[in-house]
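Note that chain A is present in both complexes that follow, paired respectively with chain B and with chain C.
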Partner chain A sequence: MGEQQKAATKGSRKTLEMARNTWKFIRQDYGEGHEHKNAGKPVVWSCALVEKELYYSMGLFPYYPEQFASLCAVRRKTKDSEKEAVRFARYAEQAGYSTDLCGYERVCTGYVVNGDLSDAPLGGMAPPDMLVTTSSVCDVRLKWFEDMAQRLQVPLFTLDRPEQVFEDIMGHPKPHEILYYRSQLEDFLSFTTEVTGNKFDQDRLNECMDWAYKTNELRLEILELRKNVPSPMGSADSFATMYPGMYCSGTERAYEFYKALRDEVRAKVKAGKGQIPNERFRLLWFGIPIWFNMSIFNYFEPVGGVFAYEPNYNPVPSPPRNTADPLTEMAIRTLSIGTSMGSRIRAVLEQCTEYNIVGGVLAYLITCRPYYLPVLELARVLKKELGVPSVFIESDLVDERSYSEAQVRTRMDAFSEMILKKMETEAACQTG
Partner chain B sequence: MKDTMHVAGIDIGSATSKAVILNNHKVMSTTIIETGPESQGSAESVMDETLRKSDLRLEDMKYIIATGYGRINVPFAAEVITEIACHAKGVHFLFPRARTILDMGGQDCKAIRIDDGGNHVAFSMNDKCAAGTGRFLEIMAGLLKVPIDEIGPLSLQATEETKISNICTVFAKSEVSRYLRRGVSKANIFGGLHAATADRVYGLLKRIGIDADFVISGGIAKNIGVVKRVEAKVDMHAYISEEPQYIGALGAALLAIERTSRT
Partner chain C sequence: MDKIFAKYAADRHDAVRKWKQKTGKRVYGYFCCMTPEEILYAADILPVRITGTGEPLEHADAYIQSNACAFARSCLDAGLRGLYDYLDGVVVPNSCDIIFSMEYFWRALVPRPTKPALIAGVDIKPYVHYINYPEKIIGREVLPYYLEILKGFKQELERSLNRSIPDADIERAISVYNEDKAQIRRMYEMRRSDPPALSGHDAWQIVYAGLLMPKDEHAALLKNYLDDLQSDGQTAPEGVRIYLSGSAMDLVNAGIYQIIEDSGGQVVSDDLCVGTRAFWYNLKQVVPPLEAIARRSLGTACPRSTVTTAIPENRWTHIVNTTQNFNIDAAIFYVLKCCDARLAEFPHLRNKFREELGIPVLFLEGDYTVEGLEQMRGRVEAFIEMIEG
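Entry: the complex of A and B
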């Protein structure tokens, strides 16, 4: 293995204890899922942007193929073997799937094509009883899940979420949209009862929603703390700690995790301790991380650059609890988030100001339309509205074979030279 | 020897390695060699030869800056700087009014906008595909058995540029082979290849915005067939130095002077 390939697959240096501990949380979660399955209880494979509390309230243990793919991006079967993500992607390609498809899809399809679901990191995802996807944001997920469901011979449910076009990231969904999405959630509950025999229990759902609400409040508090200078928690820490919030929302263990994380970040802010000792400039990361090379988040540290903010996987305020009708509350919560490009870009612009961002690293996978199109517009708007320059990084999310380290290094180096020169010029102007 | 201050810039590109030694702002010697399989070996060879030409030793260099794709493998360099910053500095030295640079190298193409101090303020690079780069044209020259120096003038004789629809080097090779079998002239084929190259780099330039003066650097700047087609696209005269391949190394050496003047 060449030096270049080794460098391209390095993990990040995390600054928070909780970020270093997330791995234990994930390992435990995977183990619990297997125990759940072995006890004869149902398992669901699902995806981001589906209401996780529904699963816990219906007695389903969820796994998330996208998250599983990112896990495979950092794990090897043996010390000398290729990454598990590459192994599974090859199985998919051997079955005829194009290398142009998103790595999440290829890795998980290859994993299924391989046949032995336990032949994977952490023993793999426990075999599913059903699959649930959503129409929201990612169109590949619709056919990808349909394909997996057919291969696995399990039923599939698709939640149809109306796209929400607001001026801002948050807005007010129309009554008929709320009714429609609520009916989708009800259909999901009926489907689950049909597949598993488990009945809907509103009290149980309210319990999960309570945990989710409280967890969300903690996560919002952490986001506020992250605005401090120096940055107490960067993107490497944030991506490392997103798992409980993204995938275990509605559980007490997720709440406890963020409580401890909030306390750690708060203590760092109080002590005036940043990610690095001499923070000089703060950057935005836009896009899904390059999971096999998280060291990219430490790249600018030698010249004083830190990634202070990333919009992905972060919480937004929830509507007030409605224990009399938690399904309507859930529908409003989901539909209050804008899904249009304009909403997302407007939100990032505001966040760049709040987090004192001076440059943006915009990552995309060329076949991922929900990210590729916004990065082009975001770069234009960041420059025009805020005078913030950007650099583009193209890469698959989990398959390191197409990653060009030399290209990325040149872009990042030239970008930091540009930012440092700009800062030097501005400082010279200020001192007259 | 009191007034001498020797510095060097070394540019380890994917195709060629270049070195420039300056005494203050005067060029003492330059060398260009093919980059071998090992960047460090190429760096040592090109530096040794450049030192030999000026009758100098490595210890005589007050500061050395390395640039290019192999920049991190130059053990005797005091600092590494990207080729984007170095081309900006080198072009600014030769053409002080330049604001837009198109650097067309062996492995990639870069569009660079610079300010009145020779600092890059925006840039865009081609994606990972080799189409439109020096390597792409070398492969096509090899396929059509035309010396690389002749493909530019030959393409200007084109009466009807072929349409090369594929941007993938491998598929473009298939297209070219098909044209050859159909008896299409090499001039028309190179006309089409150069037009396709100009199309791709024009896209990069449009992304950063094109301001006068416009300069082309890098090895492909020597290819008159590409230059003429890019000029037509941007509707502007392209300024080109006598030795466009040295601009990165020259810029590195100029930045070395800046570093020594700070200390």
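Entry: the complex of A and C
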């Protein structure tokens, strides 16, 4: 397996300048975190779904174990060694963690089990003063962070975020849910003060939320631009550029990043330039990417296929700013997003029409329950309601040991053939 | 053992159908011990726990991935096959990622007895009732929040049934449930002796039957059974005293009891939702009834929940409570593949067992098949042999 694996898994070819710039952004960010820590300031390890403005307004530097795991999926210690993600996952497995557990969890737990937090890509995450997670969408993050807190003997705070069952991807949270979640946010602030001594400053929070709001508006604008034919920015570019928006939301540097990105995409649209010269069909990617093999996003390009849309990491419209009560605003913002199977499936259906999708590539992420659970049903509904066929890519999201390149290629080849044939038949019907 | 327990355990669908025919009352299915059963009981409904069959899937494979919890897939398959066609409603708490998805699957796919009653886009007589059970069970606002959820559930039920559910009826239901819990606790007490008064498998069967039959009937039968057992002075065979911790324990998974007993072990206590977590803590009768129900749920140390303490230890505390004075020789973790909350906490709990209680631990990862269980037999035998020395 080893040799073939190493050759087969590689990065994607990005079409946007800003996508190529992100790596610099990430490296700088990791470095800043270490400087922050060295200056005696507090560091938090956080689940990716927590509202980042909380950290920036409280003077915490955040690292995100999920993101760290995806980083480990592409880095090796030396040219000839296995990927860091695999090395860490092995440590976790030796310590008794099941191979069926989420790849993100195994990688980060193995990293913690290993003991030396600097023995990792980019010098690892700076040692945490606290851990913060949320109950939303996935049980693993709850238990995984609990477990890391116990191992590291570092205090943990959990934001309990009620799951939202809406008809659509967005809806109206109930008053008691808003109150409850707001109380969690308040408790988080007191917890942070207790651990770090840093005091809450509402003006500072408002400032961060202003940046987040403005960044979100830019990201929405980019999403809208991405609907153009030919597709000016595909899933590879989108995943490559999500870091600032996902992890640094609430900062000016994230805003500046998306401003430049928006300008670049806008210019491309104006020039009528797509991801590839001859776009023939547009695909959906559902799920977290298989981080160790992002080249999958370029796979269909030789036959004119582009990934035009992916629901992951993308923004949804925010409620208006409420500077008098930013915590309520934040609670409403968070709880307006549907998290149930029904909400998530509906959202994809809607977007497939908006983005002219003709086929779905659904990542069947074998260790990520929230993402593998809906895929069969999503495929069924896509077919039934929109006539859109799907193909499944089976793999862990960071642990390449479970990935079979040959099988994936065979499936994807058959899939693109089928789509092209379907298009030919449809074209023949129209002209005939 | 009383043949009614055995009948419910062996052929639950037939037993419940007969009950329904005889009484003309409604039956609701539910997924997890967090379900506020007392509210259903107060509304004259028999709540029955939904479990799987262990049989090869006929339909669910088309909708839910094979990596997902085999227990939950089997439950859905049973629903799709019509094995639960006697249910008038289904209650889905947000117990784990997989069960949360049942809110969608049962609503969208399982045939229901009545049509939706849509008003302004809202189904006022839903077949599936969802309960947004908090995941952080201690905290400043969690109780008022959860009370609102329970009120909403009660209101939905009242609308569906066109009747009110007065507090007094819920209070009565709580006392019926408390009496049943008291009898089960008594049964666990009787397992502290060496050898225990009854086998682990018999005790499990009794708890399981209690999830399928009216609690007043269950409590009365159990009381008689335990009285007889006490006066006869009967005991189960001696064996290495095992603490069993694991995922949903239904008829299929319970095969593990047999394997343990065949290998010379005897389960005397557990950390199971069809076990100590369902009855260990009584409902207080001093507070308004919904609050009593809320407090009970929030006091349960389910693997999927968390607490607010800086370094969470509630799971370990429950284990300490349920191992104390049971003279445990060894612990067996029988966890289903995909049961992430349990898989994630296992290494921590295993270390605690070893270091703090000096108890050896065997870990088994199950796939919800009889063959899978059989394959574990050798490991269980070797483990028990090792303890016997």
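Here, the second predicted complex is superposed on the first by the 427 of 432 C-alpha atoms of A that agree within 3 Å, B and C clash if a C-alpha of one lies under 4 Å from a C-alpha of the other, contacts with A are read in each partner's own complex, and residues count from 1 in each chain.
Just so it is clear, contacts are C-beta pairs under 8 Å (C-beta built on N, C-alpha and C of every residue); 3 or more make two chains touch, one makes a residue touch a chain.
Everything numeric in this text was worked out from a predicted model, so none of it was measured.
K.L.:
Touching A:H176 in the superposition: chain B (first), chain C (second), both, neither?
P.N.:
The second partner, chain C, only.
K.L.:
Per the overlay, which chain contacts more chain A residues, chain B or chain C?
P.N.:
With both complexes superposed on chain A, more residues of chain A are touched by C.
K.L.:
Is A:V229 touching anything from chain B or chain C once the two structures are fitted on A? First, second, both or neither.
P.N.:
After superposition on chain A, A:V229 lies in contact with neither partner.
K.L.:
Tell me the contact category for A:A267 with respect to chain B and chain C: first, second, both or neither.
P.N.:
Neither: A:A267 stays clear of chain B and chain C.
K.L.:
With the two structures laid over each other on chain A, which partner does A:K421 touch: chain B (first), chain C (second), both, or neither?
P.N.:
Only chain B; A:K421 stays clear of chain C.
K.L.:
So chain A touches chain B in one structure and chain C in the other; where do those two contact lists coincide?
P.N.:
In chain A, positions 366 sit in both the chain B and chain C interfaces.
K.L.:
In the complex of these two chains, what residues of chain B are touching chain A?
P.N.:
Against chain A, chain B makes touches at 69, 72, 80-85, 108, 119-125, 127-128.
K.L.:
Can you tell me which positions in chain C touch chain A when the two form their complex?
P.N.:
Counting only chain C, the residues touching chain A are 62-65, 67-68, 94, 96-98, 100-101, 103-105, 107-108, 121, 130, 132, 134-136, 139-142, 144-145, 148-149, 303-304, 306, 308, 310-312, 335, 337-338, 340-341, 343-348, 350, 363, 365.
K.L.:
Chain B touches which residues of chain A in the complex?
P.N.:
Residue positions touching the partner: 366, 389, 392, 394, 402, 404, 406-407, 409-411, 413-414, 417-418, 421-422, 425.
K.L.:
Under the touch definition given earlier, write down the residues of chain A that touch chain C in their complex.
P.N.:
Those in contact with chain C are residues 95-98, 100-102, 105, 135, 137-140, 142-144, 146-147, 149-151, 153, 155-158, 160, 162-163, 165, 167, 174, 176-177, 179-180, 183-184, 187, 340-342, 345, 364, 366-367, 369-370, 372-377, 380.
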